[in-house]
Structure formats: C-alpha cells, structure tokens
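Order of writing sets the labels: A, B and C. Residues in every chain begin at 1.
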Amino acid sequence: MITISKVSKWYGKIQVLKNCSAEVAKGEVVVVCGPSGSGKSTLIKCVNALEPFQEGTITVEGISVGDPKTNLPKLRARIGMVFQHFELFPHLSVIRNLTLSQIKVLGRDPKAAAEKATKLLERVGLGAHAQKYPGQLSGGQQQRVAIARALAMDPIAMLFDEPTSALDPEMINEVLDVMVTLAKEGMTMIVVTHEMEFARKVANRVVFMDKGEIVEDAPTADFFGKPRSERAQQFLSKILQH
Amino acid sequence: MNYNWNWGIFFQLSPDGTYTYLQLLLFGAGWTLATALLAWAIALSVGAVVGVIRTSPNPWLVRLGNAYVELFRNIPLLVQMFLWYFVLPEIMPQAIGDWLKQSANASFYNAVICLGLYTSARVAEQVKAGILSLRSGQRMAGLAMGLTLPQTYRYVLLPMAFRIILPPLGSEFLNIIKNSSVALTIGLIELTAAARSMAEFSFQVFEAFTGATLIYIIINIVVVSGMRWLERRVAVPGFISMGQPAAAH
Amino acid sequence: MFSNIDWNVIIRSLPYLFFDGMRFTIMLTLMATAGGIVIGTLLALARLSNIPGLSQIAGTYVNLIRSMPLVLVIFWFYFLVPYIGQWITGASRPIQVGAFLSALVTFTLFEAAYFCEIMRAGIQSIPRGQVQAAQALGMPYWTSMLEIILPQAFRNMLPILLTQTIILFQDTSLVYVISVTDFLGAASKIAQRDGRLVEMYLFAAVVYFVISLAASYSVRRLQNRIAIIR
C-alpha cells in the first residue's frame, strides 16, 4: 500500500535521509525505531508530504507523493497522522476538532460529522468530554482525542510520530491501549516509537534507523530475537534495560 | 503663575457664532474617531494579509512582505502624510491629480489611507509574530488532515494567532487614535487641531488643551475596557495567553 | 508627470538641510534619549517602590502621557515651558525659551514615560534571586540597583531601548507643528519657498528611510549577537 523507494533528503548541506526504502502492505503494523536524530520522524512525515524530499519516490496506493501534480490535501485526507505533541487545535472544542476537516475537506454534513465524532470519542473513552477544550484535558486524553480526530477522516492508513513520548508515564498505557485495539482491527499503521513492548505485541515488522539510514527491516520476532546489525543490538540493549 | 483661568470658556460661543467651544472639541473628537476607525479597518485587513504572506513557504512572497513592512516603518508618519497629500497628486497623471486635490474631505481620505497603511505594517509585524509563536506542528496537523494551506491559516493558525496578539493589537488601536492627530498637518480638524484652534481664538490655551486631554483619556479608558472585555470574550478555556508589553507608541 | 522635476534644488539646499536641519534632529534625538532614559529609569524605580504615593504619582504621570498624542504633548509644553521657566527662575513673567530647549524638554519628558515602561519590564525580568543575593551581601538599595539590577536590566532591554530611539528619531519630525527647523522643517521651508514639494518631500522620505533602516538593521544584528552570548 505504501512504498518508500530510495528516498534521500537534505537540510541544506546536511543529509538527514539516506537512500531509504521500505514497504508497508495493507493491514500491516510497522514500528520504526532508532536513536533520536536518526531521521525516523522525518521519514514518516515524508509519507504524507509534510516534509519534502529531494530524491526517490514514495507512493500511497499508487499515487506518487513527491509528484508536484498530486493533489496533496486529498492524499493527506486519506492518511491519518498523530503527532508527538498532539497538536489539537486549542481554540476549538474537542468535538469541533473532530468535525472541522470532515466538514471542510470531505464536505460532510455537519450533523453526520458530529455523529461520527461522538461515536469515535466514545470509542476512545472520552464521550463525556466532547464539549471541553483541549487545554482542559490531560496529555493522555488529548492524545486519544488526536487519534479519534485522525480516525474521523476514515483513513486508509495511520502514521504515529512518537505518540507517547511527550506523555507522563502513567498516561502512556491509555494511549497504547487504543493503538493496540486499532492494530487488531486491521488498520495499516506506521508507528515511530520507543515502546518496545508495544512493538513486540502488535508489530508485524520493525524498521531500525540510524543516522538517516534504514539499518534493519525485519519481522518482529527476528528483530527482537537476533538483530543482525551491531547498531541495532546496541540500541536494543540500551533501551530494554529500563 | 499669572495666568487667567476661565473654565467657563467651554460654554461660550466660538467665533463661528453657532457652536460653543465644547461642541467644537466634540466635533474634533468625532473626526478623530472616524479617522481612527476607518484607518483601523484598512490596517487590520492589509496587516493580516501582509503578516500571513511573511510566514508563507514562498520566499519571494516573504521578501515582498518584509519590504512592505520596512518601507512603512522607516519613514516618519508625518512625512508619509505629506507624501500622500502633497506629492502623490503631483506625480499622478494630471486628471487624477487634479481630482485628488479638489475632492471634498481630501485631507480626511488622505489621513485614513496614510494612517491605515502605516499601521498595517505594524499590524503585520504582530500577525507574523503571532503565527510564529504557534508550534510548527499546528500547521502540520492542519495540513495532515487534508486542509489546504489557506484553510489551515483560516481555521487553525489565524484564530489562535489573533487571540495571542490581542493585547498588542489593542495598543496599536490606541496608537492609531493618537496618531490621527498628525493629520492636523494636512488640515484635518480632529481633536488636537480643534483644541489648538480653540486656544488661538479664545486665548485660554491651557483650558483648551486640558479639554482635549480629558477627551483622549476618556477614549483611552473606553478602548482599554473594551479590549479587556474582548479578551475575556474570546479567551480559550484551559489556554493561558501570554500578554506581551508593547514598547512602541 | 515628472516633466518639470528639478532635482538640483536638493543639491543646492544640502548644506542647509544637513547642517541646520539634520543637526537639530540628531541632537534632539540623542539628548532626549539620554534624558528620557535617565528620567524614565527613575520613574520605573518610583513605580516599583514601596514608598506610599510615589508609585501612584509616577504611574499617573506615565499613563497620562501615554494616553495623549505626541502632537498634543508638543503643544502643551510649547505653552507650558515658559511658565515652568518662570516658576523655576522666579521671574515676574513667563520667560522666553528657545525652540531647541522647548523641544528638548518636551521630548525628554514624553519619552521618559515610554522608557519608564521599558525599564520597568527590564527590572522585573531580573530574577528575584539577584536582588536577594545583593541584599544578602549587605548592599543598600541604591548600590544594589546601580551595581547589580540596572546594568542587567539595561543590557537585557538594550535592543528595545534602541528601537525606541529610532522611533524617537522619526517622531522628532513632529516639531514641524511648532514651526521648528529640524530636518523635515528645513526641507519643508525650501519646498514652500521654491515651490518644490515633490522633490523635497521625496528626498526627506528617502533620507529618513535610509537612516532608520540602517539603524534598525544594526539593532537586529546586535540583538542576534546578544542572543548568542546568552
């Protein structure tokens, strides 16, 4: 469904992505991990063209992301994205956060949009908070709203950019639980995260990145069982210690 | 101080024989407010557009916006007044120039346009600062949901940016009221000009200026409380806005 | 359009424009800035002091000045300064004051209100620990202010103080309303005398623009330098 092929990206003279290739099939959950600054966030932001790249191609269901002729808003509307810092719109109530682009992008009827939003909020356990504003919710609650907001667009795939790394430890699980359910329902997901338990439980494959390169791309069991590269071994031993 | 105070002067007829001096001051205040309000409409709309293009991804638009702001910020308001009023009609084709010179209320229209554009550069600065104060993730989140860039500005970035810059915009509005007094140099009889002519005709200089000062203070108080009300009105629950002091005047 | 434009009028009047006009403008700007910062800092200290009444008096003055247009303040002082002079010297009638002195008093006292607010923000931006550390070392009020707090506040606020000075430089053109020959006044006099409004006002605009732009560019560079040092 999503094909990343030989993608390179530079910020000025600094190369941040080096010849990255990967493939994500429908229904697959792929976890991307690696030390900070390894380019993982940049790579998934290339998938919906939030970050431009200079070389290579990315296609989503056959549509080329980097092609200047591609209708980017239309493409992005089909891919859900969840950010590290939630990025809810603070001036809109929770329910308006969920209905805004349903109405403005998909052209849905406001009533239908609100019904859909209410259902999704109930699904993430926040039905009672629909009329509140993002600033009145905890971090974990905000991130669950953000997931619901992305789902409201009926996405064909979801991108998660370190969805739990800005959360207090006691809130991480409530967000991961929602993501596990989503994965089990067959959603196609690319998840940048350090949560190795999550990866072990639901990922089909793990992609390990370092210094802008994809160093390892292996089925989950293989990655945790016997990582081939030394860099991945070092990373795993560091991250699994705590 | 050997100065003959006469506070009754406000209720005496002015040399025009119809109105009292107090009424003349109030007419002046009316022109001050009319000039300031119309100019503010220009300043807000042009300033918002220029502020937005200065944060756009297109480097040429950014440069254009920056040049606009530098042009209007680095020439004294009084000189800009003269350029609009004395110079523009001369360098236009004759017909347009004559029309500009002869139109009734020419100094009022000139003052509105001049003040509006002058202040728009300052509004643009604030709008840009407001947008840049938002996390870059907000723009990304808007785009990621399929909103176009203009929609992202309209529904995501500008509503928050304007809330954040409301306090400095309030002081800009106070500034535009005060700055409208510069239009007396091109013949607009706004509040300060009315006070000066009252001083000249009645010789009660300090009463005239005291009267104008009091009216300015009242306008100030009204505007400040209006801004406070507006800030409360549009406050976002759970979001603490960061007020910033405005240094300039 | 530009058919009967005579740029020579500018060349002919350059000495008058700069030696008379611009010299007045620059002198007024620099002296009013210096005086405004000193008085403004004193006002800021008064506003932050615990002495009963002092803070209210300073606050009232600052708010009063800030709610008035500069043009009106210029008129006020133009008529008031002779009386102030009479009061100070004890003369029997209002004393004649030169245009420069009158303008200087006006701009100094006007800008003091704005510099006061800048310095107040600057003083308040200094962590309380600095005051407490100075007190713990046994410094009296004025020593801790002059040696510890004000230098830091001044340094933090330097870019804003300089920006305010650029605004003041432009604002001095408003002495036009009391017919003083500053740079714009000089340009205006020639413009009226020779009927050369287009040339003279365009030239004045260019001169103000170049000086202000160069100055604000330098302030921005300074700001970046300070940002790096911190």
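Methods note: contacts are C-beta pairs under 8 Å (C-beta built on N, C-alpha and C of every residue); 3 or more make two chains touch, one makes a residue touch a chain.
Keep in mind that what you see is a predicted model, and the values were worked out from it rather than measured.
**Student:** Return the chains common to the contact lists of chain A and chain B.
**Tutor:** Shared contacts of chain A and chain B: no chain.
**Student:** If you take the mean of the Cα atoms for each chain, which one ends up farthest from chain C?
**Tutor:** For chain C, the chain whose C-alpha mean is farthest off is A.
**Student:** If you average the Cα atoms of each chain, whose average lands nearest the overall Cα average?
**Tutor:** That would be chain B.
**Student:** What whole-Å value do you get for the distance between chain A and chain B if each is reduced to the mean of its CA atoms?
**Tutor:** 46
**Student:** If you average the CA atoms of chain B and of chain C, how many Å lie between those two points?
**Tutor:** Chain centroid spacing, chain B to chain C, equals 21 Å.
**Student:** Would you mind pulling out the distance in Å between where the CA atoms of chain A average out and where those of chain C do?
**Tutor:** So the centre of chain A lies 55 Å away from the centre of chain C.
**Student:** Going through chain A residue by residue, note those that touch at least 2 other chains and give them in order.
**Tutor:** Chain A, residues with two or more chain partners: not present.
**Student:** Would you mind listing the residues of chain C that make contact with two or more other chains?
**Tutor:** none
**Student:** Going by the contact rule already set, what residues in chain B reach two or more other chains?
**Tutor:** If we look for residues of chain B contacting two or more partner chains, we find none.
**Student:** Would you pull the chain B residues touching chain A in the complex into a rising list?
**Tutor:** 135, 137-138, 140-148, 151, 155-156, 159-160, 163, 236-239
**Student:** For a test of understanding, state which residues of chain B touch chain C in their complex under the given definition.
**Tutor:** 1-3, 70-71, 73-80, 82-83, 86-87, 90-93, 174, 177-182, 184-185, 192, 195-196, 199, 205-206, 209, 212-213, 216-217, 220, 245, 247-249
**Student:** Which residues, counting only chain A, touch chain B once they are in their complex?
**Tutor:** Listed in rising order, the residues of chain A that touch chain B are 45, 48, 50, 72-74, 76-81, 83-85, 87-91, 100-101, 104-106, 132-137, 149-150, 153.
**Student:** Give the list of chain C residues in touch with chain B in this complex.
**Tutor:** 1-2, 64, 66-72, 75-76, 79-80, 83, 86-87, 93, 114, 117-118, 121, 160, 163-164, 167, 170-171, 173-174, 176-177, 184, 188, 197-198, 201-202, 204-205, 208-209, 212-213, 216
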